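Chain nomenclature is as follows: A, B, C, D and E, assigned in order of appearance, with residue numbering initiated at 1 for each chain independently.
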Amino acid sequence: MLSGGHLLSVLIFFPAVGAVALMMLRGDDHKFIRSIAMLVSVAEFIFSLLLLRGVPIGAAGYQLEEFAQWIPVPPIHYHLGVDGISMFLVLLTTFLTPISVLASWNSIQHRVKEFFVMLLMLEVGVVGVFLSLDMFLFFLFWELMLIPMALLIGIWGHERRVYAAVKFVLYTMAGSILMLVGIIWLYNATGTFDLPTIQQILANSQIILEPRTEMLLFLAFFVAFAIKVPLFPLHTWLPDAHVEAPTAGSVMLAGVLLKLGTYGMMRFCLPLFPEATHRAARWVAVLAIIGIIYGALVSLAQPNLKKLVAYSSVSHLGFVVLGIFAFHNISMQGAVYQMLAHGISTGALFLLVGMLYDRRHTFEISEFGGLSTPMPKLAAFFLFVALSSLGLPMLNGFVGEFLILLGTYQRHWGWSAWAALGVILSACYLLWSYQRVFFGEITVENNKTLPDASVREKWILATMAVVTLWMGIGSPFITRRTASATQTVMDQVEPQRAYEAAAPASTKPQAKIVSASAKPQEMNVSISVKTQAQSPSSTATAAISAERFGIR
Amino acid sequence: MTTPLIVFFALAALAVIGAVSLILQKHPIHSALSLIVVMVALAGLYLLMGAEFVAAVQIIVYGGAIMVLFVFVIMLLNAGVEEHTSLSKLAGPPGLLLVAALAGFVAATIARSGASVQTTAQTGALSSTKGISEMVFKDFVYPFELTSFLILVAILGAVVLAQREKS
Amino acid sequence: MVPTNYYVILSAILFGLGVFAFIFKRNVITIFMSIELMLNAVNLAFVAFSQALGKLDGQVFVLFVIVVAAAEAAVGLGIIILIARNRQTLNVERVDLLKL
Amino acid sequence: MFPQAIDLQRVLPELIWCGFGVLVMLLQPFVRSRQFFTFVALLGSLAGTVAAFTSFVHGGPGFFGLVQSDAFSFFFRLLVGTVSFLVVLAAGPYLDREKLPIAEFYALLFFATAGMGVLASAQELLTGFIGLEMSSISSYVLAGYRRDSLKSSESAMKYFLLGSFATAFFLYGIALVYGATGTTLLGKMAEANVATTGTLLKLGLAMILIGLGFKVAAAPFQVWTPDVYEGAPTPVTALLSAGPKAAAFALLLRIFATVPAATQYWFWAFWLLAALTMFAGNLGALVQTNIKRLLAYSSIAHAGYILVAFAAVTSMAQGGSAEAAPAYAAVLFYLLSYALVKLGAFTIVSQLGGFGEKNLSLDDYAGLSQRQPFVAAMLSIYLLSLLGLPVTAGFFGKFYIFKAAVNSHLISLAVLMAINSVIGAYYYLRVIVVMYMREPSAEAAAAGPVAFPLAVNAVLLVTFVGTILFGVYPNPVINFILRPDLLGH
Amino acid sequence: MPEQPILHSLWIVPLLPLLGSAVNGLFGAKWPNKYVTATAITSTGLSFLFALEAVREFFGSGQALFRKEFFTWIAAGNFRAGFDLQMDQLTVVMVLVVTGVGWLIHIYATGYMAHEGGYYRFFSYLNLFMFFMLILVLAANYVLLFVGWEGVGLSSYLLIGFWFLKKSASDAGKKAFIVNRIGDFGFMLGMFLLFRAFGTLDFQTLFTKVGAWQPDAMGRFGTLTIACLLLFMGATGKSAQLPLYVWLPDAMEGPTPVSALIHAATMVTAGVYVVARSHILFTYSPTAMLVVAIVGCTTAFFAATIGLVQTDIKKVLAYSTVSQLGYMFLACGVGAFTAGIFHLMTHAFFKALLFLAAGSVIHAMGGEQEMPKMGGLGKKIRWTSYTMLIATLAIAGIPPFAGFFSKDAILFASFQSETGGRILHGFGLLTALLTAFYMFRLIFLTFSGKPRFDEKKVHVHESPWSMLGPLVVLAILSVIGGWFALPTFFQGPDYFANFLAPVFGGAHEAAQAATEAATHQLELLLAGVAFGTALIGIAIAYWVYLRNPRKPDDLARSMKPAYTLLLNKYYVDELYAAAVVRPLLWLSTNVFWKAADVAGIDGTVNGIAHGAAAIGDGVRHSQSGNTRSYAVWVVAGAIVVLAVIFFWPGATKTIWGLVR
């Protein structure tokens, strides 16, 4: 029943092997340790490229599955699999890890060995999360990645690192433990931890969760993910964690860990609890929009460059969540794309901020100013990345945002309109901070003699820039591969258009729009037809949800 | 009011008085003596219930050995009148309240559940020491043997704790 | 004939008094005595029940309890001596090095 | 001829342990070599543990049903046997360092172990009581083993006074139950007619619960735990936190596994005790600065988690013991993982404590990861296991308990437990933070690393391997404790 | 090899400047200026030539619309945005203007920027702008157009802030980008709405689909109206119309060639282009049309008034640009897209010329931009002054200069339009008057009269030929640029209109019909009126600034409030700052960040933590260390257990058992 060797296992455990190897090494030969770490992470990246071949375009369902009995009672399996979405997230991870290794080449000077061990262990955890199809396994990796991250922040971080690290762990645990309860509850309902099986069972309505239970389960999962994302009211761990973390930590945190939340929503919340998701959608969307605008405004106010970037990710991830909960396959695609794009551009931003820190040992914007005179190259890269992050067309940020807003607009023009404000604001805070950091006369004396980007840094930034540009122009390469996966999610969450009934009362002009145009209805029809075709089982659920919405 | 009842009440009163005086006495010795009084009273009650052997053991082991041990220790440490500190806030009125509640509750519950235990007792044949010995050495031989080890532990413990340090 | 209940209630009272004594005496030795008092109450209950049930095992239990009491006494007094030696006091309230 | 060989065989471990206890006592005047005694002690505890197998193979009731040698008792005998074995290993160096007599220690340890064994196998209340007393009295003495240390003696006194106080309750409970049912055999009690003797039985069971609740340090009976754990010699603390607690839980479990009345009456009590205990333990630990005390509080908290599983058992056992099997499994597995971890942690603490157990405050652990990376890593692993993070036994332990709780629809309790594990995370992390994220104090750095003798390392190795192994592959244990004839019927 | 090689690889036209930009950006830093110059000039020049060739081939092919999809750029669900380029008559005009004028300005800049630092940077940016602008005009769908749209915004940001050491410069750049973003916000929503309604954003398919709809009635806000208005919002941002015009005057912080290229000739006309491009949508929504017309008209007048009193030579030109753009929108608004584009083209010529000439003046004055400090330059820098005079005549609408024809076409069309035509026309005329006035004010202040500067300090000198050459070329264009429409005055055809007919088909027909309807006399009359007003304006300027130079100050004094109001540009910037910028900052800092985030949410979280710690301390203090207290605890526990076992719900029976 299973195809394609053990590539996924290799991907998960190869870094672990590397970490163990590192542990064996003597602690004092930093250069050697670094190069080994680099070697391992690059090799990992190359392995992960094999995924591209392993996941054929347009193939629905999970590829390269691995399935093995692990624990008899309760039946827990070692079940791995990859689809379009997770594949690219894995690629993102494996791409950012060597970058972070390179980024911490000189900035990490004490306890080097431990540092890289932690970095690799983090990679293990993250990749594991993306690849595991057994809920228990998923949770295991989910928790596993916590400690390396916490240590990365707590040991190699800045002044208030301990506070930040502990805060990070506690926040995440608070969510994840509840998720554990949810997982077990779901197990009691379905008698298995195997994600695809559970999806089958729920989709075929062999088991029908009554609305209240479903909502509670949904929340159990959602809160955990929302904390990771982080969604608006649950985001306060993020600024601290980011500001205190070392550059590599921030890169991994912003680049990958935040995506775990949105990934989880796509993978669990939507497919497993469609009705609950629908009922929650409008509130989630509101939170997401608040997050977008609020995050942007707060970063507008930040005197601390790194905090600014941190808050900006609150804003950007808000887009992703919105895209997911708009239930439109375009916005869903956009969400996936935005995850990747944000991973790259915000990662790059943190790298640059880190480089500035290496030179001046401060994040205070007021400490900088006029930096493009001493370091034009760095300034150029920074501008480039900032532009990609504020969604300039032909750079990666645009595609995701555009698709999200476009898709969302098709369902809820209001949401989209509000969210689009974030596009303006992102320009405001990024350009303003850029001006304060790089433009004008040099105000602080010891900024005059700062060295421009070193060769190593240039390489890092160049790679990032190339990827940014490529993602901005060649997006179909990715979207073609994620299409079927997102479509599957759509079908699972949206067996029929019951949502129209539950949609928020549309304001006047929208009513007009709908009336004026015959098109959207046609689209809906086509989609729902496709649904019928793809998952015959869905009709049953459709009926159920229909009468459930009738009840509501 | 039958004779046994009178005897019972007398002994019960004695026991309770003894217990109360154990509490009221300031000097440990006096407390010890009042405890002995309680034990003797209880021995009497055992007799009343026709459990001679237990009564005898009660007098010999308890009243004899154990209490002597107590008195001996008191003498050894020549403990004086106990100083009446009350550093514990809890062990003041609240403690009193709680204890009263507990004792009252237990007693009341038992009193209520009186019906459950049948009140008629077959004296005589039952109270044969032989029977007891049979039980001890047959049915309950395992715990009995264990108690021997328990005594060992006690001895060992006493030695370990009380022996004077060489160093 | 005396109802078993009377005995049991008496035992309950004695037990209560024992608890009371445990809490309200300060002298370690006396406190220990109150434990003995409680054990006696238990014994009374055992005997009463055994007599009521017409079974002997209750009385056997009493023997065990007495043995245990003896053992405890030995160890307990040992500990008390230790305390007295280390602290020059028999007042439990003065023995509160370990707290919070 | 009575008792038959089979009876003896079914209590063989206890006999061996007691025998070795006597042996050690007898040899004490003649042999000076401390290593010798350590060797004998190891041999003894090992022998007893091995004997557990034989008595399991020839399982069944013994001594007219006073004892029951079944998978359950086997599991606990194995557990306490291993615990005592490890404690012997850990205590050897400790006793040498503190210049304490060694033979008596081992003898007492043996008797304590035997007592626990009895508890694990007792099928009759009074036998259980005797076992309890054996373990308790020996542990009173062990707690005060550092005679001239004020703390040690004080902890002995408190433990003794309060312990025997609770024992009296337990005993009174037995008496009442006996009065209500006319028997102390758990098996027979099952037949007793609850309807007629309801109140009395209920009172008796309540008293028993109080007595045992004290032994397992369930709030609000937990008050003694921190003081005793802190005062007692650290290896003894390890023993206390691992052994007697497990044994007491064993008796508790057996009682209401076999006595329907208990199952019926105890549920809400367990619910409440669980909640109280979790919070008391975790909140108390939040503010501790003495590592021993911190671990003591944490062990209270873990008792709370286990009680959650008990509540689950009770609410499930309504539907027959088969239903409750997973919950039993949860309790057993948790006790196992917990015992391993606590042993390891306390061993490290005792070793780092230094002569007279001076270095027990968190500050003494500052920057441990740099002075002694491996020790720090070990300790972190144990703490993470207590915290319940993956690839440690603690994770599965917690997972099974959650599962049990959710299975029996105790969602509220599960959520409380979740909250508590987050609180717990805080102070466990605090220790890790201190070890990894703070620089060592000057004198600590000057003092250099503390030597870890072979024996101690052995303990660490065993506990570590156990923790990780059961954290990755708990199957053997789970399969074993999920067997239908766990309680021998 | 297809028969139209260049047309079929149209991408080369935009790509060349991009290459130039990339090359200069990456390697220019180390190169001497002449290499940089070479790259820049050749890349843009070649692209101009290729554009010409492409146009030739396009006409050769004789098809109405050439369209080619090169690669898919974004694809998701049923949405596709491709890198698709198209060419039709409208495109032809734009492409030629952009590349042609752009090229000239490049040449000019080589002289103007010769002594500036960051020479390579400048040309890299300038080429980048060319790239994006060409994308904008060649794009075959809204999304790709949006790429150019945002791209030109970016390059204008870069170029305005070219002298980033000056805070004012970088501020202006930031302002330009952000204000444009506000417009883009609307533009994006417009796209979304169009996609929602039509399921595509390709011009071709979309416009054909629109055909199937019936137009929104006047005053009805249907899909098309809203879509048009949203698109127009984008246009206002990009083309500096009310209320989003504020960035353009500040944009004069940039080097003058930039002002000429971006903020006069090309980028700012993008808005007009978009409206013209989507004219089908607009014609389907009279409401939107009216809005466009009104906004355009108002802006034209409004900006002109401000232009009256500005003293900075470039500021004057800036406001005149805003005003002229207003004309173009007015034209579109009244359905005369042809006229709009016509004016766009002529304006590109003369406004570029004006800026370049102004640049040359500034160059001559050694960086001085304040007109009060100039005067009497006419004799010293003849070429500059004459070319500038031509441009001024053109903008003032003096026949036969280019501006006259285009402006006249607009005024005529507005007069014709049935919705409020008279009013629009009236304002148009008034604006024409003002334009003529302030432009000649500029001329007089700058070139005639006595020098008002220290001749010893400032050595006025004519600019090099690299700068004058473009001036001359543009001057010629500004003269002849409007002659396409010359025949109309002799009942001849309007060549320009006919040329654009394939694009503006419907709209053009309407215009034609109007023309037929209107008597030829009327047209001549209106032309005459326009000419007259222009002359009046010039006359006033002459009278005020040459005859009696005291006059301006007297006027200023006599109507102080109005004067100050105009001088401070109606305080619009201050208004925005007070109403939007500062409140927003204050809100984000004090409310969202400090209050909500730090104090509110984080405070709550930490509060919980502290609460837990406090309780923990309580628990700790229950450990009094006193055995007696412990005993009490045990007793309390006993009572709890008993209570629970006996009195918990479910065990109530026993309570009654007790009390009974």
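Simple rule for what comes next: contacts are C-beta pairs under 8 Å (C-beta built on N, C-alpha and C of every residue); 3 or more make two chains touch, one makes a residue touch a chain.
Since we're looking at a predicted model, the values are computed, not measured.
The chains touching chain A as well as chain C are D, E. When chain centres are set by their Cα atoms, the one at the greatest distance from chain C is E.
Ranked by distance of CA centroids from chain B, the top chain is E. Put simply, the chain closest to the centre of the protein, by Cα centroids, is A. Of all chain pairs, the one joined by the greatest number of contacting C-beta pairs is B-C.
With centres taken as mean Cα positions, chain E sits 78 Å from chain D.
If you average the CA atoms of chain A and of chain E, the two centres end up 36 Å from each other.
A straight line joining the Cα centres of chain A and chain D is 44 Å long. We define each chain's centre as the mean of its Cα atoms; on that basis chain B and chain D are separated by 31 Å. Multi-chain contact residues of chain E (touching two or more other chains): 620, 623-629, 631-633, 635-636, 638, 642, 646, 657. Within chain D, residues 126, 130, 133, 137, 140-141, 144, 147-148, 156-158, 161, 165, 176, 179, 198-199, 203, 226-227, 426 each touch two or more of the remaining chains.
Touching two or more other chains at once is no residue of chain A. Contacts between chains, counted with the stated touch criterion, involve the pairs A-D, A-E, B-C, B-D, B-E, C-D, C-E, D-E.
Listed in rising order, the residues of chain D touching chain E in the complex are 157-158, 161-162, 165-166, 169, 198-199, 202-203, 205-207, 209-210, 213-214, 219-221, 223-224, 226-227, 265-266, 268-269, 272-273, 280, 282-288, 423, 426.
Residues 609, 612-613, 615-620, 622-623, 625, 627, 629-631, 633-634, 636-638, 640-642, 644-646, 648, 650-651, 654, 657 of chain E touch chain D in their complex.
Residues of chain C touching chain D in their complex: 8, 11, 15, 18, 22, 28, 31-32, 35, 38-39, 41-42, 45-46, 48-50, 52-53, 55, 57-58, 61, 64-65, 68, 71-72, 75-76, 78-80, 82-83, 86-87, 92, 95-99.
Contacts from chain B toward chain C in the complex involve residues 2, 4-5, 8, 12, 15-16, 19-20, 22-23, 28, 31-32, 35, 38-39, 42, 45-46, 48-51, 53-54, 57-58, 61-62, 65-66, 69-70, 73-74, 76-77, 79, 82-88, 91, 95-96, 99, 102-104, 106-107, 110-111, 114, 117-123, 126, 131-132, 135-136, 139-140, 143-144, 147, 150-151, 153-155, 157-158, 160-162.
For chain B in complex with chain E, the touching residues are 87-91, 94-95, 98-99, 101-102, 105, 108-109, 112.
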